[in-house]
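Pasting a structure below so you can have a look.
Labels run A, B, C and D following the written order; every chain starts at residue 1.
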Amino acid sequence: MSRPQKPIKSDIGWSTADRISIFGKDLPSEILGHMNLGDMGFLEITGRLPSPDESRMFNAMTVCLAEHGITPSAIAARMTYMGAPEAMQAAVAAGLCGLGSVFVGSTETCAKMLVEALPDPKAGVDLRALAAKTVAEFRAAKKIVPGVGHPIHKPVDPRTPRLFELAKETGFSGPYVELVQLISADAERASGKSLPINATGAIGAICCEMGFDWRICRGLGVMARAVGLVGHILEESRNPMAAEIWHRTEDEASKHLKPGQDHE
Amino acid sequence: MSRPQKPIKSDIGWSTADRISIFGKDLPSEILGHMNLGDMGFLEITGRLPSPDESRMFNAMTVCLAEHGITPSAIAARMTYMGAPEAMQAAVAAGLCGLGSVFVGSTETCAKMLVEALPDPKAGVDLRALAAKTVAEFRAAKKIVPGVGHPIHKPVDPRTPRLFELAKETGFSGPYVELVQLISADAERASGKSLPINATGAIGAICCEMGFDWRICRGLGVMARAVGLVGHILEESRNPMAAEIWHRTEDEASKHLKPGQDHE
Amino acid sequence: MSRPQKPIKSDIGWSTADRISIFGKDLPSEILGHMNLGDMGFLEITGRLPSPDESRMFNAMTVCLAEHGITPSAIAARMTYMGAPEAMQAAVAAGLCGLGSVFVGSTETCAKMLVEALPDPKAGVDLRALAAKTVAEFRAAKKIVPGVGHPIHKPVDPRTPRLFELAKETGFSGPYVELVQLISADAERASGKSLPINATGAIGAICCEMGFDWRICRGLGVMARAVGLVGHILEESRNPMAAEIWHRTEDEASKHLKPGQDHE
Amino acid sequence: MSRPQKPIKSDIGWSTADRISIFGKDLPSEILGHMNLGDMGFLEITGRLPSPDESRMFNAMTVCLAEHGITPSAIAARMTYMGAPEAMQAAVAAGLCGLGSVFVGSTETCAKMLVEALPDPKAGVDLRALAAKTVAEFRAAKKIVPGVGHPIHKPVDPRTPRLFELAKETGFSGPYVELVQLISADAERASGKSLPINATGAIGAICCEMGFDWRICRGLGVMARAVGLVGHILEESRNPMAAEIWHRTEDEASKHLKPGQDHE
C-alpha cells in the first residue's frame, strides 16, 4: 500500500505487568480509594483531578441526570432485558440509544446557545441585552429555546434552584448562570408561557461555568443515565413490567384491525 | 380483550409539579450535593443510601472498572462515533454492547462461583477445602476458573492488593475475599500457571461481602464503563484514531484478494 | 513490542478504484440486479449464491422473521426514536438488542437441539426414539423444549405448515423437519399441553436441513428484524405511540408512591 | 389521573389464534413463498407490495448497501462480538449505531437536497440551472454536496452506472437521476476535483424517483447493513481479527507514555 500511515495515539493511560496509569495517575495508589465515580467522570472529561468544589458540583450534576423514573429510555431498557436477560449490558445500551436531541441532548444545545452568545465569560457585556437578543433569534427562527420549559415542573423545576445554590457554594455561579436566568425570564415574557429553567438548562449553564466544551455536555447525561438504567434493570428482574406493557400495547394497537372485534 | 390486566408498578421514584422523589429521598434537598455518582449507583442497586464505608468501597470498585484504556469496547465506541458524531450516546451504547461474558461479565461469574460455593458467609466451613473442591469442579468441567489470571498483570494484578486493602479498611474483607484468594492459590498449584486474582475477581468477591446479588455484578462494570467511554469519545473527537485503524485494517485484510498485489 | 503480530484477513471482499468484489463476485455486474436482499443474506452466511430453491426457502424464512407486530423490540425501537429522531439507526439498534434467548434466540436453541440429537442427517436412526429421548432429557433437566409452544397460536402456529410446505417444495424437508414434528408430538403427550411447532422451531429445523451452523441461526432473525423495525420507526414518525405508552406507564407505575393519590 | 388518554394504534398487523396479517396480507398464504426479503422492506416502507420493477430496483439498492467490506461498522460489530459472543444481536446493533451522518446517512441528505431543489418532479423546470443553483448554495454555505465524491472510487464509482442502468430498465430514471448527474458535473467544475456520484448519491436519487420520503432513506441502509454485519460476525467467529486489531492498537497508542520505551 502506498497510503502513508498516520500515528495512533491515546493519552488516556498505559499499563505494564505491575503498573496501571490513567491520565498520569497511578491507578492503585492515587485513584482507588481517593476518587469517587463522579470524580472519575471529571477526570475523563478534563484530564485532571477535580478540586473539592469541582467534585461536589460535578457529582451533583451527574447525580441529577442519573435517575428520571419511568422514562422512554427506561422502558426501552426494560423491553430489551425481557428479550435478552443474559445480556444486561445490551439493555443498558438500548436505553442509552435514545438520549438524543429530545431529552438529554438539551444540556448540549443549552450550553451551545450560552457559549455562542457569550464566548468570553469575562467580557463585560450587557447580559440583559444579550438574553433579549438570544431569545429573539430563537423565536425568529421558530426554534425552541433550549433549557427552559418543562411539561410537569411548573412554575419552577425544583432541581434548578438547588443546582444554582450548589453552584454558588462551589464558586460556579457566574455570567452563564445569570444569562440562562435572563433568557428564561425573557422567553416567558415573549411567549406568555411558564418557561422555567429546567434541570438540563441549569446543568448546561453550570457546564459553561466549569469551562467544559458544549460538545461533551451530553456525555454527562449519558454516563449518569447508565447508572440509573442498571437500577431499572434490577427492578425489572425482580418486579417486571415489560411484558404487561407489551401485551396491553399490542392488544390496543391492533384492535381496529382484527376481525370480529368491537371497533369502538 | 379478556386478558386480565396485571398492575404496572415501580418503586424507584415519583414526581409532582414541585417535588421529585427517588427511592424515598427528596432529590433536591436530600440527594443533590449530598451524594456522589457512585453513591447513586449504590442507591440504584440497594434502594438505600450507603454508609461511609460502603460509599468508599463501592466508589473504588466502580472507579476501578471505569477506564481500561484502549479496549475492544473503546474501539467499538470510537468507530461508531466516527460514523455518527451527532449521536455520541449511540457510540457509548455500542461500546457497552460488548461488556459480555468475556470481559466485564467475569465479575458476575466470579461472584456466582463464590456464592454458590458458600451460600451462607457465616457458616463456619473449611474454606481451604471449599476452594480445593471448587477448583477441582471447574477443572473437571474443563471450565476456566473465573476471576483469576491476567494476560499482562503477572504475577500480581496491581489493582487486587489495593482493592483488598480498601476492603479491610471498610470492613468488607471476610470469607469471600479469603475464599477467592484460596481459589487463586489452588488454581495456580493445580495448573502450574500464574493465576493471580484479577480486578474483576477481587470485585466479584467484595460484591459478595457487600451482600449484592451476583446477577447485578455486571451492572457495576456497565455503569462504570459508560463513564470511561465518554472520555474515549472526547479524545476521539480531538485526536482521532478510528479512521487510521479502519484504513490499516481494510488494507491488510483484503490484500490477499486484490488483483495485482504482492501476496506475501 | 515483542508481541508477534498475527495476520488480519477477511475473505468477504475487496475494492480498487474501479472494481468492487464481494465473495468473489463482481458487485456491479454479477450481484446488482441479479440477487435480492435475502439472497445477499444467504451469500453472507454461506459464501456462495443460493440455488433457486435455496433462495426461495431462505427468503421465506427471513420474511417470516421480519415483522411480528408490536413486540418488545418494536416498542424499544419506538421509545428510542422518540428521544433521538435524528439517529434512526440507533433506534433500530436498540430494537435488535433484545433479540436474545427469549425471543429470536429460540431458532438457535432449536437448531442446536436438533443437530446435537442427530449430528449426521444421513444416519438411519430411529427418529421416533430420538424424539422421545430428547424430550425426556429436556424434561429431566426441567428445561423448556425449544421451538414448540406459543402463547397465542394454538393448536397450530399458522406459519409452520406453510414453512414446511415450502420446505417440501424446495427439497428441504428431511429428517430434521421430521424430528422436530416428533418432538412436538412427544412434548405434547408428555406435558398434556398444546405445544405446536412455532415459527422459530420450524425455521430452526429447516436451517438444519439447509446445512447451516446452529450458531448462525439467530443471525437470520437479526437481519430480518432490522427490516421490520425500519417499518415501525416510519410508522412511529407518522403516527406515534411512544409518548402515550410512556405517560400511561409512568402515571400508573408511580401512583402508589405519590402523596395525595387514591391508592386503590 | 386527569391526563386524557390518546389512542394507541398501529396499522402494521394483527394476529389471532389461527391467523397472522401484515399490512392487510395473510402472512402464510400471501407473503411466505411469494415475497423476498427486499420486497418485505418495500412493504414496510410503503405499506403495499412492490411491482416487479419496484422489487428489482429496491432489492438492487438494498443489496448494494448491505456489504461494504471492513468498514468502521464491521469493526465495531467484531469488537463487540469478541466481548459478548453469546449476544450476537448486540454486535449487529453496535455495528448499526454508527450508520449516521458520515456514512449511510448521505443517502438521506442527498435525497433531501434533491427533493428540496425539485419538490414536484413533474414541474418542467430547467434542471441545469437548478443544479448550478444547488451547488452554488452548498458551496456558499461551505457544506459538502451530498452524494458525490469518493475517496477510492474515482473517476467513477462502479456501482453508480449499474444502478442507473437498472433505474432505466425499471422505469425509475427521471428528473432526480438527471439532476444528481448535473449536480455532480457542476460540483466537479466548481471545485476542480473528481466528484463522481457515489452509490449513496445514486440511491438517494432513485429513492426520490420511487417516491420515498427522504426521511426514510437511511432506513434502506440500516436494514441492508444488518444483513452484511451478520456475515462479518460469522467470519469473526471462524477467523477472528478483533483481538489482533485491539492488541496492535493498544500497543501503539500508549507507547509514548510507557516508561522505558523507545519513543520514536
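What to note about this one:
Basically, a residue touches a chain if its C-beta (ideal position, glycine included) is under 8 Å from a C-beta of that chain, and two chains touch if they have at least 3 such contacts.
Note that the coordinates shown come from a computational prediction; the quantities given were computed from them, not determined experimentally.
As for how the two copies chain B and chain C face one another, over half of their interface residue numbers coincide.
Note: centroid distance chain A to chain B, computed from Cα atoms, is 23 Å. Separating the centre of chain B from that of chain C, both taken as means of CA atoms, is a distance of 30 Å. In terms of their C-alpha centroids, the spacing between chain B and chain D amounts to 35 Å.
Multi-chain contact residues of chain D (touching two or more other chains) are listed as 7-11, 13-16, 19, 69-70, 84, 86-87, 89-90, 93-94, 97-100, 104, 241, 245, 249, 253-254.
Taken pairwise by the contact criterion, the protein chains are fully connected, each one touching every other. Taken together, the chain C residues at the contact with chain D in this complex read 1, 3, 5-20, 22, 27-29, 31-33, 35-41, 43-45, 55-56, 59-60, 62-64, 66-67, 69-70, 87-90, 92-94, 96-100, 104, 152-154, 156, 158-159, 161-163, 165-166, 169, 215-216, 218-220, 222-224, 226-235, 237, 239, 241, 244-245, 247-248, 251, 255. Residues 69-73, 75-77, 79-87, 90-91, 93-95, 97-105, 241-243, 245-246, 249-250, 253-254 of chain D are the ones that touch chain B when the two sit in their complex.
Against chain A, in their complex, chain D makes its touches with residues 7-11, 13-16, 19, 21, 84, 86-87, 89-90, 93-94, 97, 249, 252-254, 256-259.
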